[in-house]
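Next come two complexes built around chain A: one with chain B, the other with chain C.
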Partner chain A sequence: MATGLNTFAARVILIGLVIHAVLLPLLFYGLLHIVKESHEERFVNDVRKYSRFVADAFEMEDAVSNERQAMRLLDSAVLGSGGVYAELLEGETWLRSGLSPPDPADVYAEDFAFGQHGDDIYFLSIPLDIPDRQLLLRMGFDEQPTIEQVKTARQRLTLVLLLYLFVSIIALVLLSTLITQPLRALQTASRNIARGDHSVKLRVDSQLAEIRELATDLESMRRELVGMNASLLEEISERKAADKLREVAENKLRQAQKMETVGVLAGGIAHEFNNILVPIFLYTEQALYDLPAESPLRVHLERVLKSANRAKSLVQQILTFSRQSGPQEFVPVDVKPVVEEALDLLRALLPATVQLHEDLTTVDCWALADRDQIHQLVVNLCSNAYQSLDETGGSIGVILDRCTVDTQFCRDHPNLRVGGYIRLSIHDTGHGIAHGDLDRIFEPFYTTRAVGKGTGLGLSVVHGLAVSHSGDITVESEPGKGTTFHVYLPEIGTGSSIRNPLRTGS
Partner chain B sequence: MPSILIIDDEEDIRDALKMVLERAGYEVRVASNGNEGMALQRKDPAHLVITDIIMPIKDGVCTIKEIRQEFPGVRIIAISGGGGVAQVAYQPEAITTTAYLAAAKAAGADRLFTKPFDRNDLIQAVDDLFKVH
Partner chain C sequence: MSPVRALLICCLGIMLYTQAAGAERQVVLVAAATSPLHDLDSLELRKIYLGFPVTRDGKIVRGLRNTEDEDLNRIFLQTIVAMSEKAYRRRLLSLPLRQGIPRPDKYNNPEHLLEALSRDPYSVTYMWKDAADHSADIKTLKVIWQQD
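And now, the complex of A and B:
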């Protein structure tokens, strides 16, 4: 809250005081002068009239011939006027009533002004028009009552003006409050807005039209700001979402380029590798064929053959992987029997410590697919699940069902489109995958297993297969608890109503 | 003695096949490409020809066609390195191993093998073809 001399209230009061400091003394002395003048004029007029009246009495009644009668007239003139002094002069003082004149030197002066003598007495001399006599009537009147009246008037004037000053200051304070109060309310509200609370309405209860208009304008500005803010926030979040999408797309592109490079490389390597494997197989098998059944060398040769077989299966994986980049002819396939077939094969291969649970109750799971590739996809995922189990065993669950993919899910998985999908979920109770590895498990040759325990190709092959089927694969894992893979394949209705397959990247 | 002609550009594969088939009791001769193989066949026809498909100078498919033309009674086994050639990824229309094998079959090959193959399967196939012969 603003304080000090810079505030509106302080300025108004200061200006008010300055104006009053100039005007009030002027007013005071002006008014006082008028009051004083009028009092004095009335006094002078009154005493002149009275003196004239006394002089007339002397002239008409011929009182001067009788000394006693003249003395009585003088006495009654002093008494009647409440005056202090009256005398008749003929050359020098002849008759006198009341006090002695204070300054005999001034006795014959013609005119006197009010308040000129220190004794507060007003002197007046009138020559009497009486034949044969040189008579002068001289009277003294007390100025004190008039002076007192002026003094009283001055006190009252001071009181009134002080009262006026007081009232006007109060009025100024009230006036400034009338302006500052609503301004402060607006200030508080706009500070709240600055602090981020945009919902505060800028409204004031003021009698001043200007303030009300200001508040209305500020309020419409606030609304505008709130609207702009909202649209900005929306724009930012849209841009963020777009950035995220682009980032995902860029990652996918990089991934695809990587996959393609690896695919090209892998195709060439596989060809050479198969050539190299031919003599290994042939010589080893021939040697086994030739050796007697009891020969200790058989064991060694069988080990060679086992390794060669592993190499062969690795090359097969590489080939499947490298073939993903070529065009593929998909036909409507019911995924369910393919999965069943693959599981039958796996069941024969898995040790007794591993339980295979399946839930394949969903029927008519048609997708545009390559049968063999779906078969391989199931086998790869299940053998991956099996390898994640430790020696004491565990369980592998396979579920086939349908689901609908919504916009939100598509945003996270750009390979998918909104619509119906067949979902193959494969769950294991193995050691799980560390969070940091989850992003990379579908990369070719990326493996968390010990050297020689896995090729690092199995999941990238599965990923490639899922994507080439216009689907996708997702993974959820909790280290120590297990992992679930979901493969999504676009559903195509049942057999007859086949819609066009959605190709990725087209 | 039944005779077999082996055509393959890889010496190791030729030698291994030769050894295995000789031990199985066949007379074996070898050539490193189609032209060489055809020359040998014309000079001294073998009863069965085992040929690789992807080879320099003259590839397996051409060789099979020529043999079929000149020696209609000869049995032919085509073998191919599974996987194919590097261009596959660049050219979607490029012929894959499967396509090569299909071409070999169309040209007249009796049996198809994908490298690497099992010795016993090969012997079995050769024995069968000679029985039919």
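And now, the complex of A and C:
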């Protein structure tokens, strides 16, 4: 912050004072010298001319021959000039005006300049040009009035210069204020801008063109700054959004790669396992066929066959997840009847403590799909919902509707595209899923249930089915309150307007 | 030389010096020795140095200024023209402009002054009486100032 002598106003006033301190004494003494010289010169000129005039009077009127007339002339000379002394001198005799001091002998030194002998009286003597006479006219003039005039002039000059100094200081203060006030306004506005208040406009009403131009330039800079700041903020925002998208995409990519790896591995194992199951089925069924009906071994073989069937089902699920269960042909399917069929099957299996609510009022939910796989998807999700309920029961809700996916939603779910989708929502009032598990629930063989209670393949199979239908699945869960799964399937329009060709899934 | 005689000589020298130092100084009006001028009164003299024409035998009398020392100049200003130096200077400046009269020539070298006097017999000047007494080429017309 500018303080003390560092301010512009202080500097202007200080410089002004220094200049005046130097120049005013010079001006004062210069002017005083001129005034003094002028007065003195006029005095000397006047007394010389007056003395000469008196001398001429004596020379022309022959007054010296008449003492009374000479005395009158001398008195007149003293009175008429404000003089102090006048006498006529001839050798040792003299005729002096009665108006002169009684004994002026000690001031008889003749002056040739003002104040020459320090007696404050200007004496001069003029020889009178009178034939056969050696007469000398002596006159003295008081220098004091001229000295007083010079003193008065000095006092007035001092007053005038002091007044000038005062006015100059006022003018300097006003000038510095005139300059610094708009500068301070600019400074305040600049500081506000520096603090982030870009709405402050740098505009000043100054009479000085330089300051107006400075304000205009700063205002232009502010506008550019505001523009740059806005574009910078927009760029940062876009970059943050892009980073977030990239992060989501990377996570999804990692997840997809992981699931693909697991799928390939599981598929390979399932194929091998399936090959192993073939002789088990063959030989077990052959043994059952060969054994008598009452053989106690039939029970054991039937258990073997039952376990083999369970193993076969598991293998089928693995193959479904890994999409290696053979070429899939998608055809236009109205999803609603498929869902209703699956719910009818489930309703018969659910205990009385579990309530199944369905909202399938939406008609014509056509999608390119495999009917069996959609059926399996519904059964898997509902089974999962039922298993999340505790022993006291709860409710399961199934809603089928249509929705439109926008750009923003697509950013979060890269498997989807902007457009119309059939949305199947399955909600339960179970124990929910912990937030830490939400990211992993679609991983194969990942389960939060006790060992032996689940294979960890149900949701991963559902995920695989949804993605293979060019759709996706999302989950919302709150521990203790329940979970909702949303399955999105691309809509292809009503039954009469279907134009899409058959599509073969990979 | 006896000490008494030397003392007497010194006393005499001191007396002579004192007399010389205390002698009256005079300023005199002079012209060339061959000049027909005899006398000029104070008014005529003032006219000459203020640029007004003064004639003798039909010829204009010229005044020459002697500026060899400052005292002489002051006496000239006070006694002859009765003016201050600046007033006289202003007067001289107006001479050629208003009246077409040349200014009085100034001489600060006595030899040049005497030469000018000898060239023009109708010219006058002023000088210390001592100086005038030492020159045979000039004559004294009158005393114009003397020291008390």
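Just so we're on the same page, the second predicted complex is superposed on the first by the 427 of 506 C-alpha atoms of A that agree within 3 Å, B and C clash if a C-alpha of one lies under 4 Å from a C-alpha of the other, contacts with A are read in each partner's own complex, and residues count from 1 in each chain.
One rule holds for everything that comes next: a contact is a pair of C-beta atoms (placed from the backbone, for glycine too) under 8 Å apart; a residue touches a chain by one contact, two chains touch by 3 or more.
This structure is a prediction, so every number in the text was calculated from the model and none was measured.
> Which partner chains sit in contact with A:Asp129 here, chain B, chain C, both or neither? Use first/second/both/neither.
A:Asp129 contacts chain C only, not chain B.
> I want to verify the contact counts: of chain B and chain C, which reaches more residues of chain A?
B
> Of the two partner chains, chain B (first) and chain C (second), which one does A:Gln207 touch, if any: first, second, both, or neither?
Neither chain B nor chain C is touched by A:Gln207.
> Report for A:Glu59: first if it touches chain B alone, second if chain C alone, otherwise both or neither.
second
> Does the superposition put A:Gly267 against chain B (first), chain C (second), both, or neither?
In the superposition, A:Gly267 touches chain B alone.
> Touching A:Val44, do we find chain B (first), chain C (second), both, or neither?
second
> Which part of chain A faces chain B closely enough to touch in the complex?
For chain A paired with chain B, touching residues are 260, 263-264, 267-268, 270-283, 285-286, 289-290, 308, 312, 315-316, 318-319, 322-323, 325-327.
> Which residues of chain A touch chain C in their complex?
Against chain C, the touching part of chain A is residues 41-42, 44-45, 48-49, 51-52, 55-56, 59, 108, 110, 112-113, 124-127, 129, 136.
> Which stretch or stretches of chain B touch chain A in the complex?
Listed in rising order, the residues are 10, 12-13, 15-17, 19-20, 23, 54, 81-86, 88-90, 92, 94, 96-97, 114-120, 122.
> Spell out the residues on chain C that touch chain A in their complex, using ranges where they run on.
41-43, 46, 71, 74-75, 77-79, 82-87, 142-148
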